[in-house]
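Okay, got some structures for you below.
The following pair of complexes shares a single chain, chain A, combined with chain B in the former and chain C in the latter.
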Partner chain A sequence: MRGYGSVSAAAVASRLGSIRVGKASVIQSVATLAVVIFAVSTPGFLSETSIRSLLTTVSFVGCVAVGMTFITLSGNIMSFSIGASMSATTIVFMVSVGLGLIPALVLAFLFCAALNGVQGWLVGVFRANPIIISMAAYSMIIGSAIYITGGSGVYPLTDRADILTRNLGPIPGPLAAFLLVALIGQLILSFTRFGRNIYLVGANPHAAKAAGIEPWRTVMWAYVAAGLFTAVSAVLVAARYRSGDMEHGIGYEYHAISAVLVGGTAIQGGEGSVLRTLVGTFFIALMQGLLILRGFGIEMQYLLIGLMVLGAIMLQWKGRT
Partner chain B sequence: MQALPENARVEGAAAAAPSDSPLSVDPIFSVRDLSKSFGPVTALKQLNVDFYPGEIRAVCGENGAGKSTLVKILAGVDRPDAGTIWFDGQARTFSSALEAQRRGIAMVAQELSVCPDLSVLDNIWLGSTDVPFLHRRKELRRRAAEALSLLGAEHIALNTPVSQLAIGERQLVEIARMLTRNARVFILDEPTATLSDSEIDRIFTALTRIRQEGHCVIYITHRLAEVFRICDTVTVLRNGEMVGTSKTADIDRRKLIEMMLGRPFVEMYPQHGYTAGDPVLQIDALCVPDAVSVFSAVVPRGDIVCIAGQVGSGAESVIRAVAGLVYNATGSVRVNGKPMRLGSAEEAFKNNISFVSGDRAAEGIFSTLSVTDNLVATRLKALSRFGTLSPGSLRLEALRLAAQAGVDQRRLRARADNLSGGNQQKLAFGRCLGRAQAGVLVLIEPTRGIDIGARAEIYQLMRELCAEGYGLLVASTDLEEVMGIGDVVITMYRSRQVGSYRGKAINMQDIVADITHPLH
Partner chain C sequence: MSRHLRALMADRTVRSFAVLVLIIIVLGISDGGHGRVLTVNTTYDVLQQFATIGPVALALGLSMMVGEFDLSVGGILSLAGCVAVLTGSGSPVAGLLLAVCVGGLAGLAQGSIMTWLNLSSIGVTLGGLLTFGGLSYFLTRNTTIGYDRLDVALGVNAPLLGIFSVRSLTTIFLFLVAAFVVSWTRFGRDLLAVGSDRRAATIVGIRVNRILIAVFMISGSLTAIGGGLLSYGLAAASPTALADTLVPGAAAAILGGVSLAGGKGRPIGIAGGVLVLSMLSSGLTAIGMPPFAHWIVTAAVLFAVAILDSEELNRRVYSIRCALGKRSDLPPSGGSPILTEPQGDQ
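And now, the complex of A and B:
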């Protein structure tokens, strides 16, 4: 397991037990305490229905955020196209589900991995700016999707995918999937050569190269991994709404990168973890849920997420100087 | 000499000079009982030191001695925890670097703050509050030219974009900028680290001129030869404490090193001799466009081959090409007789070539990662089973490498950027040690910016590698180092291989001649 540097509110929320000294951690502890008081004092928050719905919605974004973590850690900031590639994958899944569930799943995962892998290859080999590449990809994915589907969603007349909407005992299905994805992601990062290479390349690609690691290969596979994690979210969303639609993934890239940053993964790469992203995801969702229960509208949610991302970035910067 | 009229000269007319003063004037800059801590680390302990107008003062000490902290406080970048700073006879606290600059303290940092795309003239006046809204360009040109000629840099045309100037000339532009702002104290932090000899001469000329103007130069350097060449006095710090200030004429190199180390000086370079082992690395007709015309060499097992040359001579490019970091290098490189494809670092690594860069921050270490991560970076493949790694085996390997490289084993979890430069370099070395098969180590400036104590350890480490059967190929601009460690010395001048000396034939005279103006 990697050592933590105190970075953001959510990172500290995950380890309330540990006592750390320093100005930043005081801010973080106070923030965490405030959230807890806010949560407990909010009527209806501790009810089962509200917690269940919160956990379900957070899980879709969470899987994408785990994928985004790989891209951020590898030193490539973020992908703008990850939401669009998720949407496109819901369409691929729903179109091919007529062939049977397993083939459809395989196709969906392959498609999403390839879509992101190509971007990773471009970023790695040509050392192209990852933001620009993913912006171009975003546009191209949306353009091609609309061209092929004529702009409408796909609604297959089959219930083959419904099995994906089931729950795992008392645990909502999507949450189980998210936790599993996060676990796999963290295991890859901590205990595989590929995972360590992501940290090395993200921390310093030149030093990695000098140490005999080919940065482009690591970057490409990091994008492939991001694609696979995103595909998990895509098939779950598609099954839940029984449709494939370019609307499904709108805004996912933004929510995912927010979770990564609020979790405390360094935007310049090489520092962070999936666990932090997990915490960041829940932290944001918690705040959103609270706002809804307290009767605030969507505008307040956006404002709050913006503030949290801003705060996370400022704290990162503060920790560096 | 057309002195800038604004430059308030501090004339040496002080009546009662302090008794400890090496010059008979009042100090321009004094600190009394200065202390500064960073968290639990004490950087400066009750430091007392005076700086005088009209002197070039070297500040020496090992890494972590407090040199940088001291000058950062003097330049207003950091604030002291306790103590007073006297400037011009008045107690002052600088709340910012900008304020210190307004008072006449100029810091020329290692990373220059020039704008490459602007002209020399624009760079000199950039951000100056002296420039009126409706300024008279002619007047500004005249004053900029004056500042440059004062530094002996008349050859720099005011309209040239700074990007076309050499690094040394950019430093001169920056110093000229400080001069136009009436700076009286010039702080230079290792200005010559990346300069060629002729550029160093230029900087030294400029510094001497500044001294003649009655200004004070505070000069931080690791290169002891420079201390004796250009500085009048030297202040030595150790562990944040003052060791002493002395006239350079009154001490010698050995004495200075002993002051810095705090213990008797032992020979820095381990004993060695040309062993003439079987060749482990053979380079034939290596060519790098625009950097190396033709280069051939043989590195025997157990020997250190040094490529000596000034900055830009191509020595670095040879190393980079052998390490597989130059995509368009051509020629033949064989390791243990086996030909190797050029242009791929991965390929070079597979062929048992390890590379240690002189630029630690850029390509040496992973600064945000732990010491363990840094040490095992090259080992992941060897330690992994079906792509998976166990933390236990990583830790064991890190412990082993740390012990071998002389890195404190208790600091395996520390972030690499919390280590001193010397320890960071040991990390970069440690990564190359103990491979299953002894191979080739190629290095660029292995001790750049590293203090004397750590430097001796690194030379020792290099010799241990030789004993293990490695062959080392080193590019260095530091001739003292080349003389001290090279079993074979190859000289380069402007991308051309000039001479080759072995064992007893290695001598300073020929090497200097080769790398400055070769006869053939």
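And now, the complex of A and C:
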């Protein structure tokens, strides 16, 4: 592929346009429209505080979900360790923030990328089962964290990381970061050789190999990318709560894969996009916000997210063979 | 090593028990003669752990034997625990039966969706995991609900004959039944046939979809028995307390010789895998190791089995040997460095 600088506007439009074509997209559009109408008719939904708090919390999950999209697209279903690796990264960031903000950021990103990259290497090189590898990594991270920290969090007395909690004018800082992360993720998938290889390897690793792609490299770098996107969420969460703790990322793997699947990315890989994950993330957040404002408890949210994921999976039916 | 011994070690079922003996010896040696490893108390502990992980491992193992993967066991375990505690204050047996019905129905629903819409089991059961987990949050209103029958709570865990309890005896019984069914019934033979080659199974006239649905129903029911008894024993139903059984359950199943590709494994082997993990966990505590050791050991087991079971291990080992200059003329069986790897369906 050559000459991305001179790629025509029509080609860009066709590339981005092809993203949303899927058999589930009509049902999704109708569902989104219904939810938006329901949202606007709910008293208090448009009040600024409720929307702001919703957008902030959703952005933390969103960054991880963008990372998870890369893993799912590359044909490796999901990572059970991504929440634990996010928690571990908050600890690394908060321990090293004494060295200064920039070194701490570099360390946090390197740590999270390496943590996921090793898993990607194992999954790619040996074609080992990604579910089992990520469960092993989950146990390893939890065990090591208990060994190193003794099970307690890290609370450094410094305000060096507070700059990460700032807002960009009216836009909450985490939301801006999430949108940037999603933009970068989508650009990588749509316009780089690496992104195209992810789709190929995810759709059919044997065909990709026959076409001269080394699937293990693509898979490993997909995991590294997932680690980097997860690190964004980790440093933002750590800065917001001024702590590094294994509690921070609990359940993030499930929230992230929910967003990916509700967005309509195929669970078997090779079909989907970061834009779909963006839609999925906001769709789930919108439903959560509505339930809160209509007076339902957290238990209703869990149930509804589960049903939405089940519904999204069922929309991926392949027809009878 | 004699040929018989080698054949015995190659048997995946025997392997887990060999590992168990090895672990007992290693723990005994590192205990340094304090006699803390094989006591009545430790054995009781091991069997209690066995009763906690066992049903989940058996459920996951059966789904893996048929070539699928039932992620929903974590959700069904919580849901069954909540159902049993909420309905079992009058008659504990009725509560447990209702929980088992709920678990079976959950499996039936997932199995039907999967076969009807031709979907992957991982996707559907991931949705199931979140839905059933959410349902247990919904039933308990996101709090821990106490169980008012303390006699039952003490009864299911009370030591019988020194080392057993109602919970562990039930689990042992479940494993024996499963072993009988898999080895000596038509259903068991069909199950392994579907797991090893689905197309061939269809051609010889096995109703593949029925087998799949039945396996997921059994998986749900087994998990529900485990979850119900566990919640009775804890005298509480909590949507979060039982979440951490999926990982040890999967570790035990594959340690017990169940292949991730399907078609291989025996319930007795799974029992061996569960015993290995329980022995490690209780034994490490008994000889005074801190709690993180259990996590690290589980991780090591999972990494080792995932890599040993992986598709490309032979090929990678061969290419490393080539790079080191110890190349033999023939590649090892199971992988060729020149041809692309053979695919399952020709």
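Points worth noting:
We adopt the following convention: the second predicted complex is superposed on the first by the 286 of 321 C-alpha atoms of A that agree within 3 Å, B and C clash if a C-alpha of one lies under 4 Å from a C-alpha of the other, contacts with A are read in each partner's own complex, and residues count from 1 in each chain.
The criterion applied here is as follows: a contact is a pair of C-beta atoms (placed from the backbone, for glycine too) under 8 Å apart; a residue touches a chain by one contact, two chains touch by 3 or more.
None of these values were measured; they are calculated from a predicted model.
By the touch criterion stated above, A:K209 is placed in contact with chain B and with chain C alike. Applying the stated contact rule after C-alpha superposition, one finds that A:L200 touches chain B and leaves chain C untouched. Contacts of A:F191 after superposition on the shared chain: chain B is touched, whereas chain C is not.
More residues of chain A lie in contact with C than with the other chain of the pair chain B and chain C. Of the two partner chains, chain C is the only one touched by A:I267; chain B is not. Residues 206, 209-210 of chain A touch chain B in one complex and chain C in the other. Chain B meets chain A in the complex at residues 323, 325, 344-346, 348-350, 354-355, 357, 362-370, 373, 376-378, 380-381, 384, 387-391, 413, 415, 431.
Here chain C touches chain A in the complex through residues 69, 71, 75, 113, 117-120, 122-124, 126-135, 137-138, 140-142, 239, 246-247, 250-251, 254, 260, 290-296, 298-303, 305-307, 309-313, 316, 340-341, 343, going by the rule given at the top.
Interface residues of chain A facing chain B in the complex, by the touch rule stated above, are 1, 3, 5, 190-194, 196-197, 199-200, 203-204, 206-214, 266, 270-271. Within the complex, the chain A residues that touch chain C are 77-78, 80, 122, 125-129, 131-133, 135-140, 142-144, 146-147, 206, 209-210, 254, 257-258, 261, 267-268, 297-307, 309-314, 316-321.
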